[in-house]
Each structure stands twice: as C-alpha cells, then as structure tokens.
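Two complexes follow with chain A in common, the first pairing it with chain B and the second with chain C.
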Partner chain A sequence: MTDTTFAYHQAIALADLPVYEAEAFAEKLGSCLAQGLRLLCLTALAREAEKTSLLAVFTNDATQKLTAFCAKPLTSLPSLADSYPSVQLFERELFEDYGVKFPGHPWLKPVRQTPDNTPQRYPFFRTDGREVHEVAVGPVHAGIIEPGHFRFQCFGENVLNLEIALGYQHRGLEQCLLQAKPSARLPLLECAAGDTSIGHALAHAVLMERLTGLTVSDRSWHLRRLALELERLANHIGDLGAIAGDTGFLPTSSWNGRIRGDVLTMTAILTGNRFGRGHIAVGGVHNDLDAELCADLIHRLDFARRDALGSVKVMLTSESVLDRLRTTGTVSLKDAKALGLVGVCAKAAGVVCDARLTAPLRPGQNFIPAKCETGDVLARVLVREEEMRASFAMVEDDLCALEEGSPEERGYAPSPILPTGMLAVAQVEGFRGEIVHLAVTNEHSGFQVYKVIDPSFHNWQGLAMALRDNQISDFPLCNKSFNLSYCGYDL
Partner chain B sequence: MNTAFFSYLANLALALLLAPLLFGVINRVKAKVAGRHGKPLLQTYYDLAKLFRKSEVISPTTGLFFQLAPALQLVAILAALCLLPLGGNASPLAFAGDFLLAAYLLGLGRFAMIVAALETGSSFEGMGASREAAFSALAEPIFFLAISVLTSLHLDLGETHDWAFSLSLLFGGQSAGAWLSGKFELLLLPIVFFLLLLVENSRIPVDDPTTHLELTMIHEVMILDHSGPNLALILYASALKLWFFASLVAGLLVPDLGAMGFLLWIAVIFLVACAIGLVESSMARLRLKRVTTFLGGACAMAALVLIFSQMR
Partner chain C sequence: MFGIIKERFHQKYRTLDFPAKEPFLPGRFKGRPEIKAINCANCHICQDLCPTEAIQHIDGHPAIDLGRCTFCGACAQCCPQKAIAFGRNYHVASADRKALLVKAGDSAAFPTPQALTKPLFRRSLKLRQVSCGGCAACEADTNVLGTLLYDLGRFGIDFVASPRHADGILVTGPVTKNMAPALFDTYRAVPDPRIVIAVGSCAISGGLFATSSQCLGGIPEEIPVDLFVPGCPPNPWSILAGLLELQKNR
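Coming up: the complex of A and B.
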C-alpha cells in the first residue's frame, strides 16, 4: 500500500488511511523513523473487546507534509523504543491508558501514575553502590510551583541519573474534551497549561478550522499572532529573570519580574485578561483594537523592548553569570534529536525546529527560527533572547497593521458543524515549543479522538538527560532553563 | 585598667545589640541597587522577636543534640567574639595563641550544626552539611596563613612573642599603623578576610542566602528542620558571626585612635555590610566546583602579602 501524505493544513478522511496488521504497522513505524520523519503522535483510535486500533502521524519538516496510517485492533506491538527513543513515551502512554503491550520496551511503566506512599509500588531506577546516595525531591516543593517528583541517584555531588515522576495533576483532560459541549472546549484547553492559554486555544481553533474548512480574516490572524507573541514575550522575559534569580544575580531577576508584568498588562489591554483567556475563538478572535489602543500598545511596547533587552544585556555581559551558565546542563544534538525534543531546548542544541517555519499558520511567511549549538543553559538563554527580539518585531508589525485597518474587517465565522470521520492536525509554536493537537471526528459532530501534546511531554526527558554527569546543585538552574509545564504533561 | 575593661564591655554590648542590624543593612543595599524599597532595616529584630515567641516543632528522627546545637553554636561564637579586640580595646581574655582558640570555637559551633543537620536524616541536610564541612576545612588554612602574615609582621616590628600571637594585638590598631606607615601590601589582608567572611557567612558568591532551592543551599539547608526559639538562636548566632568577621576587617583598617576609635570601628563594620550588599547585587553565585578556585585566590593573596612583607 502506498503512503498517504497530505499537507499539514489539510484534513483527511480516516477511511483514506492505510491500515496495517500489528507486525507491518511496527515495520512501517520503523521505516518512517529511519527516513528521518518526526513522529507527531502515536495514539489509540478505538478500543473494542480488549483490542486497540492505533493511529500514527509523522511529519516531514522539510516538505511540510504529514504521513498517517493506522493499525488494526491489536493487544501487543513490538516496541521500537530501544532503537528510536522518541517513541518510548507514546508506547508507555498506550500501555497505561489502553493496556497495549510492547514487548522489547526497555522499561514499560506508566507515564502518569504517581508514586504513592509505598515506594515499592512505583519502580524507580536505582543505582547500586555503597557510596551512591539517593535524593528525593517533591512532589511538594519550596516556592510556588507545580507538583512533581524528582529522584536523583548521586555519587557525592554528581548526578548519575535523574528520574522524573509526574502525573499529580492528571485530570483526564482529553477524555473531558470528548464529552464536553462545543462551547466548553476552548475554556478547557486554555487551562491545559495555564501559562500557554493562547498557544493551546489557538491550536484548538486552528484544528477546528482545518476540519471544517473555515478561513479567518487577515485582521483576525494579526490579532491572534499578536496574542501568541505577547504570551511568548511575557514568558521568555519571566524565564530569563528566573534563570538570573537562580544564579543569584539580582539585577535582571528584579527587573524582569516587573517587565513581564508590563507585557501581561499589554495582553490584558488586548484581551481583557492578563493571560489572554477568552481571546481566541474558532474562526476568529473575540477582541479587537481601535487605532487609539494600537498607538497606546506601540508606545508600551517600545518601553518594554528597551527595558527587556537592556535587562538581559546586563545579565549577558556579567562574566560571573556567563561562567555559571556555560557548560551547565548540556543536551547534545544527538540526544535532542533521538528523544524528539522540541522548542527552546531543541533549538539550543542545534535542531532546526519551529512550527512557525515548519507549519506556518498563514503560508508564505519566511520565518527563521533561533538556533544555538552548545545545548547548555547559556544556549537556552540565548535562544530565548533571540526569540524575544523576533517576537518584539512581530508584535510591532501586527500592531502597525492593525492600526491601519479597521475593526470591521475582522469578520467572524459562525459555529461550525464538524464533518464525520476526518483527521486533522494543528501545530502551533507556543513559547515552550511546538504544541500539537490532533483530532478525529465522529458521526455526531463530536470527536472520536482528541489528542493534546504539550512540548513538555517530550522535553521532560531532555531535562533528565541534561542532569547526567552534572552537579546536583545545578538542578534548579537547569530546571528553570527548561521551564517545563507539569500540568501540560499530566493533562 | 578599669576604664579599659568597661570600655570593652560597652563595645561588646554594642556588638550584641547591633549585630542583627547588619542583615538589615545588607538587605537594604541590595534592595536599593535593584530599585526596590526593601524590607525594614530592623526586620531581623522583628524576626527574632517573632521566633522567640513561637513554639517549636521537633522531628521525631532527631535526638538531643539537635536541640542543643543552636545554643552550643551561639555560645561558641559568643566566646570567640569575646577574644577579639572590640572597638580598638584589647580583650580582657587575650593570651598568646588565642587566635587558635577563636578559630576552633567557630569550628565547634559549626561542628554542632553539622551534627544536628545529620541527625535529621534528611538527604538535603546531609548534602548541606557535607558542603559546609568541605568549604570551611578549605577556608581554615587561609585564615591561619593570614594570621601568620600578621604575626611575622609584628615580630619584625619588635613585639614580644606573647603579644604577637594574640588577636588583641593583631587586630587592635597597630596593623593599621603599619600600612599607614608605608607597608601597603598589608591592604590585601582586609580583602582576604573579606573573602573569608563571604565563605564563612554563606554569602554570594559562595552561597545564596535568599534562595529557596534546597538542592543548591549550604547554610540554609542545614537549618531547615529548626524552628521557633532554636531558629532564633541560629539567626542571632549568624549575625554575631558576621560581626566577628567584619570586626577582623575593621581591626586591620582602623588605626589606634584612642577612646573615640570605636566609632570609626563600627562605621567600618557597617561599610563591610554595605560591601556585602554591593557584591550580592552585582555578581552571580559561583557554581559549587568553583568555590575552591575562589578560596585558592584568597590563599594566593595571603601568600603574596607574606612574600612582599618578608622581602622588605
């Protein structure tokens, strides 16, 4: 059977996809991975009588084409995790949610089962040796962060292995989405990861538009990108400040907290909410700006840009900070590719990946993603700084375009009816990296499958790799430089 | 004799009273540099008053030593402070070789806190204890090297053997007289003691006193399990320890000015606090591995002074 490939922005009928037996499906997966295609999603399509049918979607980032195929109902599938580590989390997820067995998986265990009071129940990796000591951190942490458990195997100050156990905030989001009223879907997804409200809402809106064939006006597109880039700015500024704070460098740490607030205020002026909740709508946006507000925002943007770039420059010209960041928490290009990392940490390791380049929401743009080579904390800082500059420029472009136009041009599409048996994928570059939403519709104008993949899903593995052979006292700094979402992973 | 004794007691009382203010000054300097208003100057006093009124939670894994350690540490640091010449007045307890006693009294206090930290059985506190032990073991020889520079200087100046081995002479104003009369290489020594102060008092760039990240802390992580009055004792003891090290710097910088010299002495101590605030506002913390390099720098500086002063 020939491959079914389609453009990333197209919806395709599920019936058109090739369906393989288990063995052939595994072979097909392997050959796609061997060709260098990136696995976007491996998920269950349906479950009938102890058997599960599967769906795999790959992307070819160079040609912007997707490849999808299915597996007949099965109970067991040969594991590919050993040769292609980027598959391992998907396999474990299928094992946890559907009981599919993966013979050959190096360590088949649940993805989101939380370690309970009896340590025997959760199988942590252990290193033997009289001088090896184990440090357990969390799930309750100092400071106001989300719950997660970190288990270090240490030899003195050196970390031999870090294992990250998450799932404390698992709330069955994907299941909720299948049952939710259409009007409840966007609010649900806006809290998939609270700091990426715009990113996830936009991914959902784009997905719905691809399924129903809706088009959005130019003005709506500007208003969406404006919100998305403001979200990126606020988070990158906050992250850079937090990284400075963890190195004990007070100036940037103090200033960035304030500057992030300024950007959140700009989001609030645009959307009425500091985190942009309720802005994105299927087919358009809910809020608009008149010329006066645009001028005000441009004015604020100038100040925010001056302050943010200045504050980060102070940090990046301080030798003591640079020394602290350099060579700390390195992730190699090879590891980043093998684990399928996305977003800031992948770009820092030299991977060319950015959904704004590989799956642009409005074709015809020529976006150049930020890139570094060294893969250490400093590289992640530099990538954020570069993305910050690019976002400032995009926000300014959008504001200028909006100032010239008028709110009447925005238009608004009515709530759409979903077609039956269609598959579509949305890739949106959130501030952490590529957010993937995938949906298959059913005959009741609802969803048979709705899969949310936050960049954190892949990138937590990167953090574990970054800590190997580093010092345990470097963990907080590495953690901040990744700044991953717990609830985006737990779903 | 009697006036000197009472003058010393007055200076000691000032030290006991003003020591917590040092933290207030450091925090205020840091806040001003960062463009914030900052917490009240007297915050440490409020904290102490609050902690003394609180009840205490004691982990069942700990033993008796855990509860005794804070008091032991406070007494040890207090005793060490009493061996210093304060405000230019020689200590009534001074004797030849008292610097050894002072150094090991500080060591005793540290030992108490390390054992108390290990008693909790927490992996965090164990790591903090091991870091504290490692860095203070490296700082100790530098302290003695710097003292030996001063001793050899005073022996050269014709002091008797007894006096030249006492803190009361070395930090009593005569050393400042020496650099004022042209031995400028001695001005490196206050810097050495300032670096030692940063190490021993867990300040940036060695430790970060404001962090909440257990995995990176040294001093703060060792006292995570302490609460209430015992935490107050620890807080007060660290204020006194800071005063002790700041006094070492002041003792080298302030010449013997007679009765009113103590004012300049106290001014220098608060200037040291400002300097700590400025260091903490302007540089990042070193990674743990680099602390040894930092200490190596202090050691090299002390050795340099020794060589210069012997070459003359």
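Coming up: the complex of A and C.
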C-alpha cells in the first residue's frame, strides 16, 4: 500500500488511509521514525471486543507534509520506545486507556493514574546503595501551583534520577469534549491549560476551519495573532521574572510580575478577560478594536516593552545571575531530539522547531525561530528573551494594521456542521511550544476522536533529563526554566 | 549595581492604594451580570448556548447561577432582547452559595461571611492553596496578588507552605478524583478553627467539568466552604475584595 501524505492544513477522509496489521503497522512506525519524521500523534480510533484500532500521524517539518495510517483492531503491538523514546508516552497512554500491550517497552506504567490513588500501585524507580537517598515532593506544593509528584534518587546532593508522576490534574477533558454540546467545546479547550487559553482555543478553531472549509478574514487573523503573541509575551515575561526569583535576583523578579500583569491587562482590553477567554471563535474572533482602542494598546505596548527590556537587561548583565544559570540543567541536542521535545526547551538545545515556521497558520509568513545551542537554563532564558522581542514586534505590526483598517461586524455564529469521517490536524505554536489538536469526525457532526497534545506532554521528560547529575537544589530553577503545564499533560 | 538602581527609579512605585482607590478595569470587563425582567416566552437561546448550564428560567425570566457561570458572555451576546448584561461590579464573592443565583432585577450586595468576623483572623490570615484540577488560571490570578500592584502582604494575608501554618485553605479546580485524597489530607491538617475559600466556578460547582466522571463537581460537601469567589478565573480584584470581606478589613 502506498503512503498517504497530505499538506498539514488539509482535511482527509479516514477511509483513504492505509490500514495495516499489527506487525506491519509497527514496521511502518519504525520506518517513518528512522526517516526522521516526527510523530505528532499515536492514538486509538475505536475499540471493539477488547481490540483497539490505531491511528498514527507523522509530520515532515521540511516539506510541511503529514503522513497518516491506521492499524486494524489489535490487542498488542511491539514497542518502539527503546529505540525511539519519543513514542514511549503514546504507548503508555494506549496501555492505560485501552489496555493495549506493548511487549518490549522498557517501563510500561500508567500516565495519569496517580501512584497513591489506584488499585494497581506501581513502583518508582529506585537506586540502591550506601548513601543513596530518596526525596519525595508533592502532590501539593509549597507555592500556588498545580499538583504533581516528584521522586528524586540522590547521591549526596546530586540527583541520579528524577521520576515525575503526574495525573493529579486529570479532569477527563478529551472525554468531556466528545460529549459536550458544540458551544461548550471552545470554553473547555480554553481550560486545557489555562495560561495557554488562546493557544488551545486557536488550535481548535483552526481544526474546525480545516474540517469545514470556513475561511477567516485578514482582520480576524491579525486579531488572532495579536492575542496569541500577547499570551506569549505575558508568559515569557512572567517566566523570566520567576527564573530571576529562583536565582535570588529580586529586582527583575518583582518588576516582571507587574509587567506581566500589564500585558494581561492589554489582553483584557481586547477581550474582557485577562487570559483572552471568549476571544477566539470558529471562523474568526469575537472582539474587534476601533482606532481609539488600538492607539491605547500601542501606547501601553511601548511602556510594557521599555519596562520589560529594561528589567530583563538588568538581570542579564548581572554576572552572579549568569553564573547561576550557565551549565545548570543542561539538555543535549541528542536527548532533545530523541525525546521529541518541542518549544522553548528544544530551541534552547539547538532544535529548529516552531509551528510558526513548520506549519504556518497563514501562508507567506517567513518566520525565523529563536535558537540557542547550550541547552542549559541560560539558553532557555535567552530563547525567551529573543521570542519576547519578536512578539513585541509582531504585536506592534498587528496593532498598526488594525488601526488603519476598520472594525468588522461580528455576530454570534452557530457551530458549523461537520463532515463525516474526516481527519484533520492543527499545529499552533503556544508560548511553551507546539500545541497539536487532532480530530476524526463522526456521522453526528461530532467527534469520534479528539486528541489534545499540549507541549508539556513531551517536555516533562526533558525536565527529568535536565536534572540528571545536577544538585537537588537546582530543581526549582530548572523547573521554572521549563515552566510546564500539569493540567496540559494530565488534561 | 548603579544599573539596578537606575532601573529601579524607572520602574517606579506601582502598588495601588486598594481599597481606598478603585482599580482600573478594562471597558470590556465582565463583572456581576444584570438581568432585566423581560418576557422570554419560549426563547431559551441563552439556556441552550450556556456551556455550563448556569442559566435557568425562573418566573419566565433568565437567572444565572454565578457558581457555575464562566462569565463567557455568550448569553449576553445571543439574547435577542438584550436582557442580560455583564456589569462592572467586581464584588462577586459571597458567603452564601444560594445567593450566587442572580435573578432578574437583583442588584443587592452578596452576603458577607458572618462566622468569619472572628477577630482571630482580622490582622493575620495565613492560607494554604490547594489546586485540585485547576487549569492554572485561578492559580495564576491568586498568585498575582503577591505582585507589586496588589501587594497582598500589606493586608496581613499570606500564602504559606504548610497546612500546619495555615488558618485555612484556598481551593481551585473541579476537584479531580486523583486530588481528592490530598485535598482531604490538607484540610484535616489545618488546625481548627479553619476556613475554606473556593476560587473559581470549577471549585464551586465543577464548572465546565461538572459532569466529568473524573471529577467530584467541586469541593465536596464534607468540606464546608466559607467564601465563594465565582469566575473563570475570577479577576484578581474580585479575589482580593473577597479576602478583605473575610477579614472585615475594609
């Protein structure tokens, strides 16, 4: 059977995809990975009589083409996790949710069942030996932050292994999406990871538009990118402040906390909500800006940019800060690629990746992603700083373009009818990295499958790798430099 | 060193003298809804659209349960008679869950917590935050109270790292099954008398996840709640105003 490849923005009929037996499907997965294609999603299509049919979607970032194929209902599939670690979480997810067995998986344990709240207790990885000790943290943490459990195996101060057990935030979001009425889908996805409301809402809207062929006006695209880049700005500014805080450099820590708020206020001026909830609509946006509001936002943007750049410059010219950040929590390029890391931590390790480059939402945009080589905390700081500058420029461009045009009429459109048996994928670069939404429609204008893959799904593995051979006291700083979403992983 | 001092002058003093001065709220801010007593006849568009089933019809008029409402504004946008409008009042915290049902013509302030006028907490209130499936928005808008603009510490309110040091807990999220044991453990570890604050529609009613099989639909009955702060997420000023109600510090 020949490969089915299609452009990343195309919807394709599920019936047109090749279907393989288990062995051939595993071989096909292996050959795609060996060719250097990136696995976007490996998920279940349907379950019947204890057997599960599967769907795999790969992307070729260079050609912007997707490859998709299916597996006939199966109960077991040879694991590829040992050779290709980027597959391991998808395999564990299928094992947990559908009972699919993966012989050869190095450690087939659940993804979202918490260790202390499940009948099938699973052991943590343990290192034995004199002077080896174990540190357990969480699920409730010392600050105002989502829950998760961290288990460190330490030799003196040094971390030999960090195991991250999540699942405490599991709300059953994907299941809710399948049952929800159409008007509840966007609000649900805005809560997929609350600080990425715009990113996830935009991914859903784009997916719906690819399925239905709805077009979006130029002005709406400006209003979408404006919100998306404001979200990136607010979070990057907040993260840089948090990293300064954990370095013990309080000026930037407190200023950035305030400047982040100023950017959230700009989002609230646009949308009425600090996180941009209710802004994105299928086929467009709900909020427009008149010239007066544009001028107000440009004025605020100038102040926020001056304050943010000044605040971060002070931090990055302090030798004691740089010394703390350099060579701490390093992830190598090889590991980043093998684990399939995305977003800030991948760019910091030298991976060229950014959905704004590899899957642009509008054609004709020539985006150059930020990049560093060293893969340490400093590299993640520098990537954020560079992205922050780029986002300030994009926000300004959008506001100027919007100021010149005039607001469009925006009503409340009912949810569009979905075609039956179609597959589409949306990739959106949220502030943490690439967000992937994948849907297969059913005959009732709803979804047979809806997968939400937050960048955090891949990147928690990166944090665990970053901690190896670092001191346990480096954990908070490393954690801030990744700033991953717990609920985005747990959904 | 001089660079830091120079930048410090530039960044200025930014704390707002709240509650003496009113905070800036953007023009599109959605605060407490105001509902006109119109005749809806058979039009239930708002009820059909509402993502969280927060709207019911009482005596023929729409009524919104703020404990479920996400303040998305879909009802206000779709109403052909423009009967629903989200106002600018950010004082939405209530001590009484039932009072959060806003009916046509309602505009009275929500009940303030009586039991909490306990002088014990008036000058010092230490809270432990427990996120139980919150999407990080309620957490972020609570966390932001520690930043310069709000400066929560000046009211004697702090978030502490252990339930043993706390006078109460502030809960966010629809309470996932996986977090329920940790929530109960944390609650029990706080010494009596203790208070419980529910921030966000998820914690109050389960919000968007009210019907999820993986969640308990908000804080379970075994944990009595003293203050409800609705929103998705509530504006930080709404949370701060609620906390000050609790202290009677206004």
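Note that in this section the second predicted complex is superposed on the first by the 481 of 491 C-alpha atoms of A that agree within 3 Å, B and C clash if a C-alpha of one lies under 4 Å from a C-alpha of the other, contacts with A are read in each partner's own complex, and residues count from 1 in each chain.
By our rule, a contact is a pair of C-beta atoms (placed from the backbone, for glycine too) under 8 Å apart; a residue touches a chain by one contact, two chains touch by 3 or more.
Computed from a predicted model, the values in this text were never measured in an experiment.
After superposition on chain A, the partners chain B and chain C are seen to fit next to each other with no clash. When the two complexes are overlaid on their common chain A, residue A:Ser254 makes contact with chain B and with chain C alike. Contact with neither chain B nor chain C is seen for A:Ser391 once the two complexes are overlaid on the shared chain. By the touch criterion defined above, A:Asp246 reaches chain B but does not reach chain C. By the document's definition of touching, both partners, chain B and chain C, reach A:Ala142. Using the contact criterion defined above for the overlaid structures, shared-chain residue A:Arg171 touches chain C, although it does not reach chain B. By the touch criterion defined above, A:Asp474 lies against chain B but remains apart from chain C after alignment on the C-alpha atoms of chain A. Once the two complexes are laid over each other on the shared chain, residue contacts for A:Thr374 go to neither chain B nor chain C.
Contacts of A:Ser320 after superposition on the shared chain: chain B is touched, whereas chain C is not. Set against each other, chain B and chain C differ in how many residues of chain A they touch, and the higher count belongs to C.
The superposition-derived angle at chain A (between chain B and chain C) is 70°, Cα centres, a multiple of 10. In the composite built from the two structures, the nearest CA pair linking chain B and chain C is 5 Å apart.
The intersection of chain A residues touching chain B with those touching chain C, taken from the two complexes, comprises 142-143, 251, 254-255, 318. Touching chain A in their complex are the following residues of chain B: 30, 33-36, 123-124, 126-127, 204-205, 208, 210-216, 280-290. In the complex of the two chains, the chain A residues touching chain B come out as 133-137, 142-143, 157, 244, 246-251, 253-255, 318, 320-321, 323-324, 328, 471-477.
Only residues 112-114, 116-117, 139-140, 142-147, 167-173, 175-176, 179-181, 183-184, 187-188, 191-195, 197, 251, 254-255, 257-258, 260-261, 265, 268-275, 277-278, 286-287, 293, 307, 310-311, 313-314, 317-318, 412, 485-487, 490 of chain A touch chain C when the two sit together in their complex.
Note for the complex: chain C touches chain A at residues 3-4, 7-8, 10-11, 14, 24, 26-30, 48-52, 70-74, 77-78, 128-144, 146-149, 159, 161-162, 173-174, 176-182, 186, 208-209, 211-215, 232-233, 235.
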